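Listed next: structures, encoded as structure tokens.
Two complexes are shown next, each including chain A; its partner changes from chain B in the first to chain C in the second.
Up next, the complex of A and B:
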């Protein structure tokens, strides 16, 4: 460790340069660890399981403007026509589309109004008995709808009286886990929970209750409807091209619009998160590059400035590896101080982000990964200049004196 | 002298090409990253009607009964019920006012070659066009009397006019919406208002409606809401009349108030209205109140600029800071290495100020070049944003302010970074270096 003293002295003599490098490393560490943590957060959000095969699903809007169309009857005809298209696995007229970013949710309660009771919010999908098969979600417990359960109505004048729901939703209403077979209420309309379905997401991914989903066997006749279709794998494209023609041939006083794959809706919905992830990735990469180039450039200068000193050391018997070690040790010393400051800065930054933008608390592992990465990067950046320093001939020392 | 300094600076930069390039890249990348995120932030937070900022107000009422709360920061719903919108708009305090609903229709063109299509529409009052300075190409807004009685008239946008009729003056012709004929009374010029301050419920960015009809048609045509509907209690809703009578909030209501006095008058008017309604058995809560927010308050309140964007801007500036620290240390090393040369210049009569100025000019040149290159990088970044994220098409742009901001920030930052090294080098003692030469 006798080498440390001259290194320290050399740094002290050009303390501004060293100080700048320390500040750079500290700020870099703070940015990288926080940004990496946010990226990790977003990636796990983006890669979560939706419980649906979005790539086989697509949707469209069906808007009937003809005042003389019997919408209820036409919906039945439409479903039959759509299910007959080759490549279609199943199709339903539905009130909202999963993963689409827009839809309806409501509170079901344990007791009918006006009694006060525990309630919980769920996104509700309304369609006929083909709903579960169209979504291709498994029934985990209980039974699926049958045709006899389906209620056809104009509005909420009459309602279905059974429903399916995800386990997480049922357990929110019945924490003891005995929800199957129980009755819950929307206003004073009773719904018996007849089945538990496998986990699936509702319309919103960023919803606090994204897993709360209820399926209701009810079809409302309305001018504006959505249609959800599942195709056999790989045949979605061809089916998407046919639906408009098939439907308008049956009844022309209407408009088919926004024929879109559900995977595309999901991408649109998560665009903000994907953008953030990509921007931060670019930011980290470029930042590390700039810092590495800075360290490298400064080391090169130092080599140039210390040519005579290095030559003298070599002449006095220092090996090439000693010269390399000198530069690496110098870099380590500076990096260490920078890293200590950087850890504090990273924590302070995370605190600000947490308080003002309600981000989760920075996981300490990310600081550890980042500081290891930055240290290795610093060593690599200094290695080439150090190698160049070893090329300095010992004779330089003798020549110019 | 300035030109001479530029010449000296250029020579000096060329003498150390690698280090000059490193510094140039550092500042360019720093500016590029910062300008990309700053431009998006700037475009997002832009107030599209700053001259009317203190005149156009969004109106909110706390209508829920005691115990029911809203999720907003001030416990006020964003929208109004039909009852409240209708009652409030009877008042004469505001200079102009409009209640609004986002709706839509199936449009069946008279020309059989054009297939029917869906068109989003906005039900509003005749004041809407004057409040938001919507320019007319032909005709005008419908008559004020229509706001009271309801009549099947429409104002259409330039694009819809092109689509339906191929352009031109088509005032007086009919447009068939959901099988009902509406007489066209006005046609707009091409017009854009972003962010869409009159209704931020379904995204601030995107196209403004191309079709406007009187708000008074709501009960007549039973216009459906194509926007957000939020209730706070369970209500039977079997008929359209049920919806009109309900406590569901689904309508926007905006007022134009000329001055502070008018604002106070309107607040008093709302307070009076709430008292009156409480007598009728509504607003059963202790802190029932109304509020008005001007455009910038409204944009802020609705959080048009996302937290992500603010974080990105913050991180980018920290990034720029690292780039500057980088440049500073490189400059310091470079200038000090040149100390012998400066020693000679000083001995030959150059003053400290001159040496200082000479180095600052050199740094400024670096800043200018870095800023220009940074602009290119930012343009690339914004281009990638636009092509990858359709939602950002409107905001991933640079306006004049940003074009000017880039070189300004760049030069200022470089000068800031260059001050210390330049000061350090101008203090060089000539004698020291003359000795060793």
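Up next, the complex of A and C:
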């Protein structure tokens, strides 16, 4: 370490370039560590398991404008027709589409209103007894809906009285884990929890309670409805092309629209997150590149400025490896000072991001990874100029000034 | 202790081939103080560079303390240079960002000498050149003569067997030049072998032997205690 002292002294005596580089390294570390942390956070968010095979699911809207159409009856016909299309695994008319980014949620409580009791919010999907199979979500405990459980209504004039729910939701209402078979209330309407289903996401990925999902066996007859179809793997494209023709053949006074894969809906829902991730990646890349160029540039400048000095050092006995070592140590010193400042700056930046943008606290590992990365990048950036310095002949020391 | 036999040095560019040294034969004995003179472009500096292993030669044999320099690698030459040779340059070649102590320390660090021993040598050598009190100063705070004395201290700190001096008074006024010359004479009296390239015939006369280089060959004048003897060009000395 005693070698660092004269290098530090030399840097201190002509400090402008080194100080600029120290600031650049500190800022780079602060931004890169925070950006890497946000990217990691977004990648985890984007790669989370939805519990659904989005690539096999698609949805569409069906709006019936014919005045003489029996909506409820036509709905039954439609479901039968759709389930008969080759390649369709199952289909349901549904109130909202999972992973679509829009939908409804509600609070169920342990006691009917107006009594005060524990409550928890959940996204709720309403469809007939084919819902679980259409979603292709496993029943972990209890039983699935039966045809007798399904309530057909014009609105909320009557409601179902059973439901299925994810375990995370049931456990939120019943922390002791004994929710199966219990009754919960939506207003004063009772719903008995008859089954626990495997984890699945509701309509929103970025919801704090995205895992809280309830399935209700109820179908409301209305001119406008959404339909969710699951196809056999790899057959979604061909089924998507047929649905409009099949449905219009049965009843022409209606419009089929927005035939869209659920994976595409998911992509639309997460487009901002992917954009942010990509922009931060570009930012990190550019910053690292600029810093690497800064380090390389300063080293090259120093090689040029110190040509005679390097020749003199060689004349006094420095081996080529000593010259490389000198530049690496000099860079290490600059990097270390920049890194120390950068760690403080990274934590301060994280604090600001936490307070103003509700981001989680920066994980210290990201600072560690970033500083290691920046240090290694600095070593690589300085290596080429250092190698060039070794090509300076010691005989330059005797050339005239 | 230094022996050059038929040393030649050729510089080649696309258009031109320059024979900087031709059939250069030269021996140096322990404790000698030799002045190398000659007109500009005669090959003095090339000779000094080869003697100091600062550059390689094209042909011939060069032995330093019995070691065949031609067989050494770049690292081997650097090591031998560091251990056996002290350099004094016309432009002093002090490192401007380092203080005097750190400047003198440079060759000692490359030799791997421990800190305590380095300190002892640096302090002794700076005292020897009369700059012990200014160890923390940087070169820019010194006069030219003082800078050259620091360079001499740096050359001495490694306790070399040879001192190679390239126009050591070339950038100094006459008073400073005299002081530096007296310092070199004292160092020589203490046992160091000195080879000094100079343009100044007055200084050359103060050496024990004067080698004149013309067109890359030796045209030798010997100066022994006032006696003058001329030898033919290219003769072995």
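Convention: the second predicted complex is superposed on the first by the 395 of 401 C-alpha atoms of A that agree within 3 Å, B and C clash if a C-alpha of one lies under 4 Å from a C-alpha of the other, contacts with A are read in each partner's own complex, and residues count from 1 in each chain.
In this text, a contact is a pair of C-beta atoms (placed from the backbone, for glycine too) under 8 Å apart; a residue touches a chain by one contact, two chains touch by 3 or more.
On a predicted model such as this, the values are computed, not experimentally measured, just so you know.
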- Pick one for A:47: touches chain B only (first), chain C only (second), both, or neither. neither
- Message: On the A-aligned overlay, A:275 touches which partner chain: chain B = first, chain C = second, or both, or neither?
- Response: first
- Task: With both structures superposed, pick whichever of chain B and chain C touches the larger number of chain A residues.
- Result: B
- Task: Report for A:67: first if it touches chain B alone, second if chain C alone, otherwise both or neither.
- Result: first
- Message: For the complex, give me every residue of chain A touching chain B.
- Response: 16-17, 20-21, 23-24, 27-28, 30-31, 34-35, 38, 61, 63-67, 107, 113, 155-157, 186-187, 223-224, 252-255, 257, 268, 271-272, 274-276, 278-280, 282-283, 286-287, 289-291, 293-294, 297-298, 300-302, 304-305, 353, 356-359
- Query: In the complex of these two chains, what residues of chain C are touching chain A?
  - Reply: 45, 48-49, 52-55, 74-75, 78-79, 81-83, 87, 89-91, 93, 95-99, 102, 105-107, 109-111, 115, 138, 154, 158, 166, 171
- Item | Footprint of chain A on chain B - complex, ascending | 18-19, 22, 25-26, 29-30, 33, 36-37, 104-108, 115-118, 177-179, 224, 234-239, 306-308, 310-312, 315-316, 318-319, 321-323, 325-326, 328-330, 332-334, 337, 381, 385, 388-392, 420, 424
- Item | List of chain A residues in touch with chain C within their complex | 2-3, 6, 9-11, 13-14, 308-309, 312-322, 393-395, 397-401
